[in-house]
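Structures incoming, each one as structure tokens.
Note that chain A is present in both complexes that follow, paired respectively with chain B and with chain C.
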Partner chain A sequence: MKNKLFHVSRRPAMPWWKSLLIRVIAIALALVVCAVVTMLFTGENPLNVFSAMISGSFGTSRKIWATLQGIAILLCVSLAVTPAFRMRFWNVGGEGQILMGGLACAACMIYFGDVVPNWVLILMMTVSAIVAGAIWGGIPAIFKAKWNTNETLFTLMMNYIATQLVAYFCNIWDKKGSGIVGVINPATEAGWFPVLGGQRYLLNVIIVAILVVFVYIYLNYSKHGYELTVVGESEKTARYVGIKVEKVIVRTMLLSGALCGVAGLLLVGGTDHSISTTIAGGRGFTAVMVSWLAKFNPVVMIVTSFILVFLERGSSDITSKFGLNKSFSDILTGIILFFIIGSEFFINYRIDLVHNTEKEAK
Partner chain B sequence: MMSQIAFYFSRAIQQGIPLLFGSTGETLTEKSGNLNLGIPGVMYVGAISGVIGAFFYEQSGAALNPFLGVLIPLLCSLLGSLIMGLIYSFLTVTLRANQNVTGLALTTFGVGIGNFFGGSLIKISGADVPSLALSQTSAFFRTKLPFADSLGWFGEMFLSYSFLAYTAIIIAFVAAFVLNKTRLGLHLRAVGENPKTADAAGINVGRYKYVATCVGSMIAGLGGLYYVMDYASGVWSNDGFGDRGWLAIALVIFTIWKPDIGVLASILYGGVYILAINLLPTGGIAAVRELYKALPYLMTIIVLVITSMRNKKENQPPESLGLAYFREDR
Partner chain C sequence: MKKILAIALCAIMVIGVLAGCSSQPASNDNANSTPANNDAPATNDTPATNNTPAAEGKTVKVGFITLHDENSTYDKNFIDAAKAACANAGVEYIIKSNVPEGSECFDTAEELIDEGCNVIFADSFGHEDFMIQAAKAHADVMFCHATGTKAHTTGLDNFHNAFAAIYEGRYLAGVAAGLKLNEMIANGEFTADEAKMGYVGAFPYAEVKSGYTSFFLGARSVCPTVTMEVTFTNSWYDEALEKEAANKLINRGCKLISQHADSMGAPTACETAGVPDVSYNGSTVAACPNTFIISSRINWEPYFLHMIDCARTGTALEADWTGTIATSSVELSELNEKAAAAGTAEKLAEVKAQFEAGTLKVFATDTFTVGGASLTEYLADVDDMGDFQPETNVISDGYFHESEYRSAPYFDIDIDGITNIDA
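Here is the complex of A and B:
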């Protein structure tokens, strides 16, 4: 007989402070590992590197605003994918949905920039970005609802079709043949979102803050939110109580895609005023982690998206100060994620040492 | 004409081999019920580990021995991707973490490792261009069959590749054989389809998942190694590997989880890519090529949709794909 050293069992829900403590310990351990890795790989003092990361994110007011903008956009995408995740629909197509939203928005700016009044243009951009994102999210949902087509793989593939569509239009719109669309409407600023209080990122932050409240209420206090949670828990139960599962799947994914479209809108209309294939910057994937780490809770997502953006933004200073490669922050991000992901186990399960009487007898 | 066909055909194969490695590895992994979205990261690590091995071997100053020049990068690559597979297995099997999240984190981590060490090596080597050339070890990897050139178009089409390319094809056939014709494969498929039943039948679910994922990662990592040492002639440039990892995952679906079909499908994928960038008519608009590049993904979606519509049992994704297994939840 094989004797196991541990006995693992599911544990009842923990008090919140205990689970928080476990996560904090996990992050602390992760930072220790990061410090060791930093010393081994770069020979730098890890404390210097960490402090450089902090100053890279918060050093100046410009940097703070850039960090806030990063959080706002990542949070927006995370909010977008969350309703789908609650329904156990693994939407890893955020990347493509953002791109399509941004593409639709940029198309409006280019083709109608000088044609219609600015407020009409912004309205058109908003509507078209939302619709484009919703369509891109809706297509896999229809197939999932009708034929149970694997949504993880479908949404993943849709990302690259979106990327190529954007690449195509970038080539069409660029006059010089480099495939890079410069700033759109630089002279007239047509379709550029208004700058509030002299801070060009402020509007984005406000819009996303409103979205946090909206998604929170939608998930927890609306009939739709209830229905999609039931579908996520058990499709059979949902059918039994008379919920139209197909309808809920498609509706939720339309919302998910639409919110990703909003992220595209905020990027193109709000800040970049340009479009490229890398505009989403992997946020569609990062958002999966943000949302999951926050246990699909929109308010907690503010914290988790902050952690990830901090790691990314902080790396900009590392690059210049230590001559390190920017990718170093990806390694640190990966390590920290592994620890947080792993810590979930200790929150959900109890581990008991098995007292092996047989062995003791020998 | 014939020589031109042979030229593009061999280009298609060279383009397809990294995908074949990746998809064979991912198929084995998925057959155990693990959806490893970290494969792109694994392939980066496989590539950079090989590069690191080759770099230090070239720098060591010793007279370069062709055998060691291949063996050292190969072992480094296998070790690197094995570690990636172990990280994924430990988190998803032992700690039962969410597979999608773990996989995506692994991709972030792996691409970061690749670009960080790639960038560092470029700096060490003091090159003027942002890339690192390992021409000597690469030449060992690119050694062709001695009689390939003397056989005209036939030689170019079928014999002009390096040993890693043939290895990829052999591994794919062996994987197909093991999956379908052996007890080991039967057990593995049982674990992926229904771990509860497999467990009840006395199969060690955790061990199968671990081994399949780790072996799968090592195979996928070789795709990265092939790309940099052979396809790219030993030139590492950051992000040079591109989205091939995701394309490999697409290929898994396209082949409906059958590695032997993967041999032909990877050539098809490579062929579509070569056609897209070289041959298909664009009507004078260069931008159309960008649309052609979406074709492999579009083909994958079509296969995915058709298999789900026809709903034939043997063509479906493994039943428990993406789900962690915990005995006490039965």
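Here is the complex of A and C:
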């Protein structure tokens, strides 16, 4: 017979200040471990490393804007996947939905750049990006609703199709054969989003801020939001109270895909003015973490996406300042995330040591 | 109780190992503080070694932007050269790696300027448009870009392209390949008519086409019956795809493989299959001791030194700069005598001397045909205006003037003897 050392049980909800305290302690511990690892492996003073991390995100006003831009785009994708997650529909296809939105947007810029007035063009880009993202999110939802296919695999596979579609169109649009489209309409700037107040990223930040409010209200104060939450809690209950589950699944995923399409729009029309297979940059997957860590709360997601962007930018600055490999900054990011996610475990569960009465090991 | 003891023991062992590892870099760090140690390992990236007798003129600080980090052979080639050149010239530098080909490139350039850099260099083709945007916004900073095509038409004084006449290096590598085929024919492994090479290309565009055509012409200069099959992966770095492509070519009867893609996929496939291989971007002899013959690469250090020198003295840097064998920009790796044919080194020295003397032209029009006929003129898209319209005749005096009208290659002709098996 094996004797268990630990016993894990679910905790009753704890007061907010206590859970906050645990999270703060977790981050502090993570920083200590990071410091130890940094000293052991590189011999750098950990305080220097941390200050480099902070200056990587906030060192100059330019860096602050780049950080804000990073948060805005990641937050946009996180907002997009959240309604689906609340419905317990595991949409890991954000990457593909962003790419399809971006692709549709780029196609408008290329084919209609010199044909229609700029405001019409931007309207076309917006509509087509939203529709394209919605279609890419809607396809797996229809299959799920009709035939109960596995949405995790389905949305994941849709990513690869989207990536190859973008690669295909890049090869068509770049007739040299390099597969790189480059900046679209560099001379006329047709389809480029206007620059507000001299800040290239301000418009993106404002749009995403509006989306935060929209998604928050949609999830918490609308009938749709209530329905999808019920479907997420229990499909049977939803059916019992007369919610059309299939309809809710498809509707929610159309919204989820559409918001990813907006992220694609902001990247292509508002930021890069170009399209490539790497434009989503893995945000479709990072967003899963942002959304989970925030317990699907759009307002808290501002904080969690900030943490992830801060870690990413800070660690890339360390890489260049101290001449370390990118793998090292990934290790630091990994340690910090490990502690943050670990703290959620300790907030939800308690661990008791099981005392052995018979002392056989003597 | 036992469990806890075991865990504690493990923990102590792990800490012991870590402590052991850390003692080495620690001693290295002490060495780094002495300015003489410029070739210290990668652990010290921002050397403040400005105490070499600084040449007169402006203080230069260079910012390098690379698409990936040292794990990519392509970027490693730039990073190594950057460190060496800056150490040589005694200037400060910052390297920002893993910068995507998007507005991040523009942001990174500006951040480097904020940190005091007055020369910015980017290494990837897709960085170009964003470097041009940054160059427009910062007229007082010098922007240099490898593999790009637009410097001579943008009309910016502070944006420059650079490349090297790597086709000469590829030609030399091709000569080594041809000699190997000759040796295999002489050994009776296959007949002269069966001498077929395979080539794993990244994208079907000028930079790659120019490379494989020169490789092929080099091989055919010594092995007249050789033919070649080309396949594309449509990616610069995809180990699995490149391996698969090499295996496909080997299965189709290719006797020797070469590549223009950045992973170890093709070389390792060759080593497994026992097929001789000519690699790129540096020697792969360590992983492929039995099949690696030779490799060509661009040495960027001469360009970096030139760039730094121009910035320091205020001399105008050329819009297009093309390194050659003569400037040491085009290099061959050490020959692997185990795999190469006898007499290869001597032959390579002979051909190299011809390049240095300027008597040998890789793309001489009497060495290749298109649809059975020799070319007397050819319009290439030298001025990259986004229209994809060729406008410049690049054939005169009996040869195709590669990398003379601009630094980036524009030889994109499909010549007889090479088959694109994807088409």
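The rule is short, and it goes like this: the second predicted complex is superposed on the first by the 342 of 362 C-alpha atoms of A that agree within 3 Å, B and C clash if a C-alpha of one lies under 4 Å from a C-alpha of the other, contacts with A are read in each partner's own complex, and residues count from 1 in each chain.
The rule is short, and it goes like this: contacts are C-beta pairs under 8 Å (C-beta built on N, C-alpha and C of every residue); 3 or more make two chains touch, one makes a residue touch a chain.
Quick caveat, the model's predicted, so the values are computed rather than measured.
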Q: With the two complexes superposed on chain A, say which partner A:S9 touches: chain B (first), chain C (second), both, or neither.
A: first
Q: Classify the contacts of A:N325 with the two partner chains as first (chain B alone), second (chain C alone), both, or neither.
A: both
- Task: Could you tell me if A:N171 is touching chain B, chain C, both of them or neither one (first, second, both, neither)?
- Result: both
First (chain B), second (chain C), both or neither touched by A:F41: both
With both complexes overlaid on chain A, does A:I335 touch chain B (first), chain C (second), both or neither? first
By the touch definition at the top of the document, which applies to A:T278: first (chain B), second (chain C), both, or neither? second
Across chain A, the partner (chain B or chain C) reaching more residues is B
* Figure out whether A:F345 sits in contact with chain B (first) or chain C (second), or with both, or with neither. => first
Chain A contact set shared between chain B and chain C covers 41, 167, 171, 177, 323-326
In the complex, chain B touches chain A at residues 35, 37, 87, 90-91, 94-98, 100-102, 104-116, 119-120, 123, 238, 243, 246, 249-250, 253, 285-288, 290-291, 293-294, 297-298, 300-301, 304-305, 308-309, 311, 317, 321-322, 326, 328-329
Note: in the complex, chain C contacts chain A through residues 1-3, 18-19, 21-22, 25-26, 29, 42-46, 69-71, 94-98, 100-103, 107, 110-111, 114, 125-126, 128-130, 132-133, 203-207, 234, 381, 384, 386, 388, 412
The residues of chain A that touch chain C in their complex are 5, 39-43, 59-60, 62-63, 66, 167, 171, 175-180, 182-183, 186, 200, 267, 271-272, 274, 276, 278-279, 281, 316, 319-326, 359, 361-362
Counting only contacts in the complex, chain A reaches chain B at residues 8-10, 41, 90, 92, 143, 147-150, 152-154, 156-161, 163-165, 167-169, 171-172, 177, 282, 285-286, 288-289, 292-293, 323-331, 333-335, 337-338, 341-342, 344-345, 348-349
